[in-house]
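Presented sequentially are two complexes of chain A, the first with chain B as partner and the second with chain C.
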Partner chain A sequence: MNPRFGLKKALYSEKLAPYLFVSPFILAFLVFFLYPACSTAIMSFQEVQGLNSSNFIGLDNYKRLFDVHFYNALKTNTIYTILSLMLLIPVPILFAVLLNSKLTKGRTFFKSVIFIPALTSVIVAGVSFRLMFGESDTALINAVLGKLGIPPQNWMLNYGTGMMLMVILGTWRAAGINMVYYLAGLQSIPEELYESAEIDGASGWTKFSSITLPLLKPIVIYTLTIGIFEGYRMFGESYVFWNEGMPGDIGLTIVRYIYQQAFQRNDLGMGSAIGIVLLTIVLAINLIQLKLFGLFKKDGD
Partner chain B sequence: MKRASLIVVTALFLLSAVLSGCSSGGTNSSGGGDSNAKKPVKLSLWTFQDLHKNYYEKTADLWNKSHPDEPIELTVDTYPNAEMHNKLLIALQSGVGAPDLADININYFQNFLKGDIQLVELNDIIEPEKDKFIQSRFDIYSKDGKYYGIDFHVGATVVYYNKELLDKAGVNPDAIKTWDDYIAAGKKVVAATGKPMTAFEVTNQRPFWPMIVQRGSDYLDKNGDVILDNETNIKTLQAMKDMIDKDKIAIPMPGGNTGAEEFFTFMNKGGAASLIMPMWYMSRFLAYMPDLKGKMVVRPMPVWEQGDVRSAGMGGTGTAVTKQSKNQEVAKQFLAYAKLTKESGIRIWQELQFDPIRWDVWDSPELQKPDPYFGNEKVFNVLLELKDEIKSPNMGELSSAAQDLVNSNVMFKALKDQSQTPEQALKSAADELRKQK
Partner chain C sequence: MSEAVRKKLTTAVIITFFILVCFIVLFPLYYMFMASFKDSRELFRNGMDLRLIPGMMSLDNYKLLFSDKSVYLYWYRNSLLITGLYTVCSLFLSSLVGYGLGAYVFKGKNLIFTFVLFVMMVPLEILMLPLYKLIVNMGIINTYSGVILPFVVSPMAVFFFRQYVSGISKDFMDAGRMDGCTEFGIFFRVMAPLMRPAFGAMGILLAMQNWNSFIWPLIVLRTNTMFTIPIGLSALMTPYGNNYDMLISGAVLAIIPIIVLFLLNQKAFISGLATGGVKG
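Now for the complex of A and B:
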C-alpha cells in the first residue's frame, strides 16, 4: 500500500484520526510521566549504586524511612500547608473583591502589582528574602526591628521564624495567581443577583456572604485542592533559605528530604521510597477533602 | 489535504527530535588531539568556586605557552556548591553530559566512589612524584589503592589568633600548648576585653572534626564503620559545650558557620580573639576581613593530651577526570600540570593562598615571604614544623551522610539549641548512620 495514501486515509478515518491527534500527548505522557513513575516505584525497592548497578533489597528503604526526620518533614509540610491556605484563600478573595469593585481607582495597576510576584522565580525572590531576613543587625528586617527596640532575630535558625519565612515567601508569590482565579469567578456572577438583592434592601456584607461567597465555592475548592498539593510538594522555598542543608531539620519538607537522601547522600532508592509515600499521602488527603466537599456526588440539587 | 499530512509528519518529526534530543549531544569530538596537533583540544571543567575558575583559566594559558604542540581550549563553568555536585552526579549516573574535569568537594567525594566508579584512575600521574606530597591528601580520594582525585591544599588546621585582643589580655599565643592552656587564656581574654576567645560552627562541623581527628578518633574507622559515638568524640563535644556554658570562653558562631556573611562581619570587627580553622581559610581572611590586617597570627592547634597531633587536614577539593571525557589523556596531563608540578604548588599559594599538598615547595622563597596580613610572619614555618602531624580523616561510603548529619544535627542540637546532650546527639546520629549500612 502507498504509505501516503495510508496516512491520508488514517487522517480522514473517524476511528483512527482522534488517536493520531492525541498521540503527541500520549507519547509525552508515557515517556515523561508513566515511565519515570514506574521506575521510581521499582527503585524504591532497590539499593541504587550508580550507573546500571542496583540490587533488590525488598522493603528496607521503607523500613528506614519512618524515622524522626520523616515525621519532622511531614509535620513541617502539614503546618506549612495549613498556614499558607489560611492566608491564600481569604487574602486573594479580599483583593479580588476590592479590585472588582467599580469604586476602586487604578484597578489595572493594582492587579499587575499583585500579580507580578507570581512571575518571579522562587530562587530570585528567595535570595532577596534571605538577605532581608539576614541574621546580622544590619540586615533590613533586623535593622527595622532595631529601630523599634526589638533585638535582632536569628530568622533561619529557629523553627518558628523559619516556618514564617517560608509561608511569607510562598504566600507572597501565590496570592496573585489565586486573585486572578477569584477575579474570573467574580466576573461570572450575574449582575442581576446583586440588583435584586439591593431591591430587597440587602447590605454590602449580606450581598457578599449570601451571593458572592456561595457562587465562588467551586473556585475556593479548586484553590484549596491546588493549595494542598502545592503545600505538600513545596521545595523551592525551603531550598532557597537553607540550600546546603538545615540544622535540626528546620524547614525540612518531604520533597527536600527526597532531595537530601537521593542527591546529597546519593541514595536514589531511599529517595524513591519517600516519593512513593508522599504520593500516597497527598492522594489520600485530596480524596478526603474532595469527598468532604461533595465533589463525587452527582449533581442532585 | 496534502498540507494536513505534511503538518502531521512535521509535528511527529519534531516531537521525535525533541524526545531524542537528549541522547544526540556531544558527538562533535575534536579527535583526541592526535591526528592534528595544531588544533586545540577542547576540555570542559566544572567547579563550585570562582577562585578556582580563575586559577584554572590562568593555568590553561600557561599550558598553551609551554605546550605549543598540544594546545587546549579550556572552558570553566562555576555552579553553586550543592547544585554542581548534584548535576555532576546525575550526569555521571545517566551517562551523558558530564565535563572532562570536575572539582569535587570532599564532603561529596565518596558519593562518586560508589558502585561502578565513573571517574578515571589517576595512579600513573600521581605515583612518580608521590613522595614529595602529603600522602594522606591522596588517600582521602582513593578506593582500593586507586586514586581518583587531586587536591589543591592540605587544609592543615591551625589557630588564627587576634594578637591585638590577646595583647590586651596579656596572653602570649606561643605559650598555649594544650586546650587547658587555651581555656585559661580564654578566661583572661574574656575578663580583659569582654570578647569571647572563639566561636564554634553550629551548622557545620569545625572545630569538632579536627579536634577529634587530632586525638586519633574520627566519624568512621579505617574500614568505614561508624565510630561517631565513641568515648573520645563524646568527651570532645562535651568539652566544647563546656567552653560555651561553663568556661564561657566560646559562643555559637553568628551566622552558623565560617562561610556566612554574618560571621565575616563579626570576625572583622574583632568579635572573637581566635578561630580554629584550616590553612585555606587564610584566603577568606584576606578577601572578607580586611580590618584584621596585621593583627592575625597563625599557630598550631593546642593538644588535649600527650600523643595528640597538633593539626588535622580538613576540607578539600578533589579534581577528577570523568570517564565520559573523550580526551582523558590530555585531561589527565593538564590536571597534573595544574596541581602536581612544583610551579603549580607555588602558584596555588600565590593565587589562592592555599597550603599546597606538595611540601617540597613550602620552603621555597615565594612561600617563605613574610605576610603583612599575618603579622609579617613566615606562615609556612608553622606548617613545616607540623609536616608529620597532619592527619586526614578516614573516608568511607558513609562519609557524606556522616558529615551531613554532624553539620545539620549534632552540632546544632548539642551546642546551639541544646535540645540534646552531646552524648545523645552523637548516639542518635551514629544509630541513624548504622541503619544505612
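Now for the complex of A and C:
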C-alpha cells in the first residue's frame, strides 16, 4: 500500500485521527513515565555502579533504608504536611469567604495581591526569608524580638525553628492558590440558598456552617489531597535554607534524602528504594482519602 | 445601631483586615526589593535591620549582575529560552492530546485518560533517577532539551484542554468536515481558534511553573553558563553569605517578568488555575 495514501486516509478518518492526536501522550507516557517507573522499581533491588552497570542485591537497599535518617526524613515530611495543612485550609477559606462578600470593597485588588507569592520561585522567595531570619541580632526578625526582650535566635540551626521557616515559606507561597480554589467553589453556590436561609432568620455563622462549609467540602478534600501530595514531595523549601547540608537532619525530607543518596553519594539503588517508599506513601494516603470521602462513587463528580 | 451603619462598620473591619494581610503577604518581597539597594557589606553584617527604607540606596548590586565577569545574563537568557520553548511545545502537544480526548469517541479513550490522571497523581521526584540515566544515555544532559523533553506533554494541560474541548459544540467539527478539511485541518482552522482562551490560561500557567521549576533543572544542568536563574541563585547561596549582593538583586530581577505577565493577564491566571484544579 502506498504509505502516503495511508497517512492521507488517517488524516480524513474520524476513526484513526484521534489516535494521532493522542500519540504524543502515549509516546511520552511510555518513554518518560512507564519505562522510568519500571526502571526505578528494578533499580531499587540493585546495587548500581556507574550509569550502566548494576547487580541485583535483593532487599538490601530496603533493609538499609529503615535507619534513623529515613525516619527523620519521614517525620519531617509528616510534621511539615500537618502544620501546613492546618494553615492552608482555614486561612484561605477565611480569605475567600470575606472576598466573596459584597460588603468587601477592592476585592480584585486584594485577590491579586494575595496570589502574588504563588508567582515566585521557592528559591527566589527563600532569599528574602533567609535574610529576614538571619542569625545576627540586627537581622529583621531578631531585631524585632530584641525590642520585645527576646534573645536572638539562630533560626536555621534548630529543628523547631527550621521547621517553622519551611512551613512559613511553603504557606506563604501556597495560600493564594488555595484561596482561588475556594473562591471558585463559593461562586458555584447558588445565591438562593442564602436568601432562603435569611428568610428563616439564619445568622451569618449558621449560614457559613450549614451552607457554605458543606458545599465547599469537595474543594476542602481537593486542597487536602494536593496539600498531602505537595507536603510529602517537598524539596525546595528545605534546599533553600540548607543547600549545602544541614546540622543533624534538620530539613532532611524524603526527596532531599533521594537527592542526597543518588546525586551526592552516587547510590542510585538506594535512591530508587526511597522513591518507591515515597510513591507507596503518597498513593496509600490518596487511596485512603478517596475511600473515606467516597470519591469512588460515580456521582461524586 | 442601624442596618446601614452596621454594614459600613463591617466593611471597614474587613478592609482593615485585608490591608493588614496584604502588608504581611507583600512584606518579604518589599523587604528583598529594598535590601537590593543596600551596600553588600552592610547587608551581610546587619541584615536589613529595622529601618525599612535604607539610609543609602545605590544600584551597585544591579551593576554587578551586568558586569563582564557576571554569568547572570546567561542564566536569564537560559530561563527565558527554556520557558519560551517549553511553553510553546507543551501548549502544542498537550492541546493536541486534550483535543483528541475531548472531541472524539474512540476505543481506549478512557484508558488513556486514566493514565493522564494517574501521571498527575505520581510525584515526579520518584522518576528523577531513571530519567537522569535516560537523559545521560540520550546525550542530552546539560542541554535545553534535557530540561524540556521529559515533561513537555503536561498531564495538567491535557486535562485542562480536554475539559475545555468537551464544552465546545461538535457542530463546528461537522461544518469543517463538510468543507473538506482533514481532521487536523479541523483542529488548526476551526477548533484551535475557538480554544484561544484555553491557550491563554494554560500558556500562562505553564510558563509560570517552568520559570520557577527547580529540582529537575538542578539535576540536568551541570555547567554554570547553562543554569537557569533559580539554579544559579541556589548555587550562590553559601553558608558564608558573601554573595548577598548578586543573590538579592538577581532574585528581584527574576520575579519581574512573571509579575508583569500576571498583572497583564490576571483573569487568565485565575481561571486557568480554578478550572484545572477544581474540576479535578
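One rule holds for everything that comes next: the second predicted complex is superposed on the first by the 291 of 301 C-alpha atoms of A that agree within 3 Å, B and C clash if a C-alpha of one lies under 4 Å from a C-alpha of the other, contacts with A are read in each partner's own complex, and residues count from 1 in each chain.
Simple rule for what comes next: contacts are C-beta pairs under 8 Å (C-beta built on N, C-alpha and C of every residue); 3 or more make two chains touch, one makes a residue touch a chain.
As the structure is a prediction and not an experimental result, all values here were calculated from the model.
Legend: residue contacts after superposition of the two complexes on their common chain; A:R64 is shown touching chain B, with no touch to chain C. Once the two complexes are laid over each other on the shared chain, residue contacts for A:F110 go to chain C alone; chain B is not touched.
In the superposition on chain A, A:G162 makes contact with neither chain B nor chain C. In the superposed pair of complexes, A:S13 makes contact with chain C only, with no contact to chain B.
Number of chain A residues touched is higher for C, counting chain B against chain C.
Touch criterion met: A:M246 reaches chain B, while chain C stays clear of it. Once the two complexes are overlaid on the shared chain, A:G227 sits clear of chain B and of chain C alike. Of the two partner chains, chain B and chain C are each touched by A:P24. When the two structures are aligned on the shared chain, A:Y181 is found in touch with chain C, with no touch to chain B. Touch criterion met: A:S136 reaches chain B and chain C at once.
Comparing the two complexes, residues 8, 11, 20, 24, 28, 31, 51-52, 134, 136, 138, 243-244, 263, 268 of chain A contact chain B in one case and chain C in the other. Listed in rising order, the residues of chain A touching chain C in the complex are 8, 11-15, 17-22, 24-26, 28-29, 31-33, 35-37, 39-40, 43, 51-52, 95, 98-99, 101, 103-106, 108, 110-117, 119-125, 127-132, 134, 136, 138-140, 142-144, 147, 172, 175-177, 180-181, 183-185, 219, 222, 226, 229, 232-233, 235-236, 239-240, 243-244, 255, 258-259, 262-263, 268, 271-272, 275-276, 278-279, 282-283, 286, 301. Looking at the complex, you find that chain C touches chain A at residues 7, 10-11, 14-15, 17-18, 21-22, 25-26, 28-29, 31-32, 35, 43, 45-50, 93-94, 96-97, 99-101, 103-104, 106, 109, 112, 115-116, 119, 121-123, 125-134, 136-137, 149-153, 158, 182-185, 187, 208, 211-212, 214-215, 219, 229-230, 233-234, 237-239, 244, 247-248, 251, 254-255, 258-259, 262-263, 266, 269-270, 273-275, 277-280.
Looking at the complex, you find that chain A touches chain B at residues 4, 7-8, 11, 20, 23-24, 27-28, 31, 49-53, 64, 67, 134-136, 138, 157, 243-249, 260, 263-268.
Those residues of chain B that touch chain A in the shared complex are 1, 4-5, 8-9, 11-12, 15, 19, 80-82, 85-86, 89-90, 92-95, 108, 111, 114-118, 202-203, 254-256, 260-262, 265-266, 400-401, 404, 407-409, 411-413, 416-417, 419, 432, 435-436.
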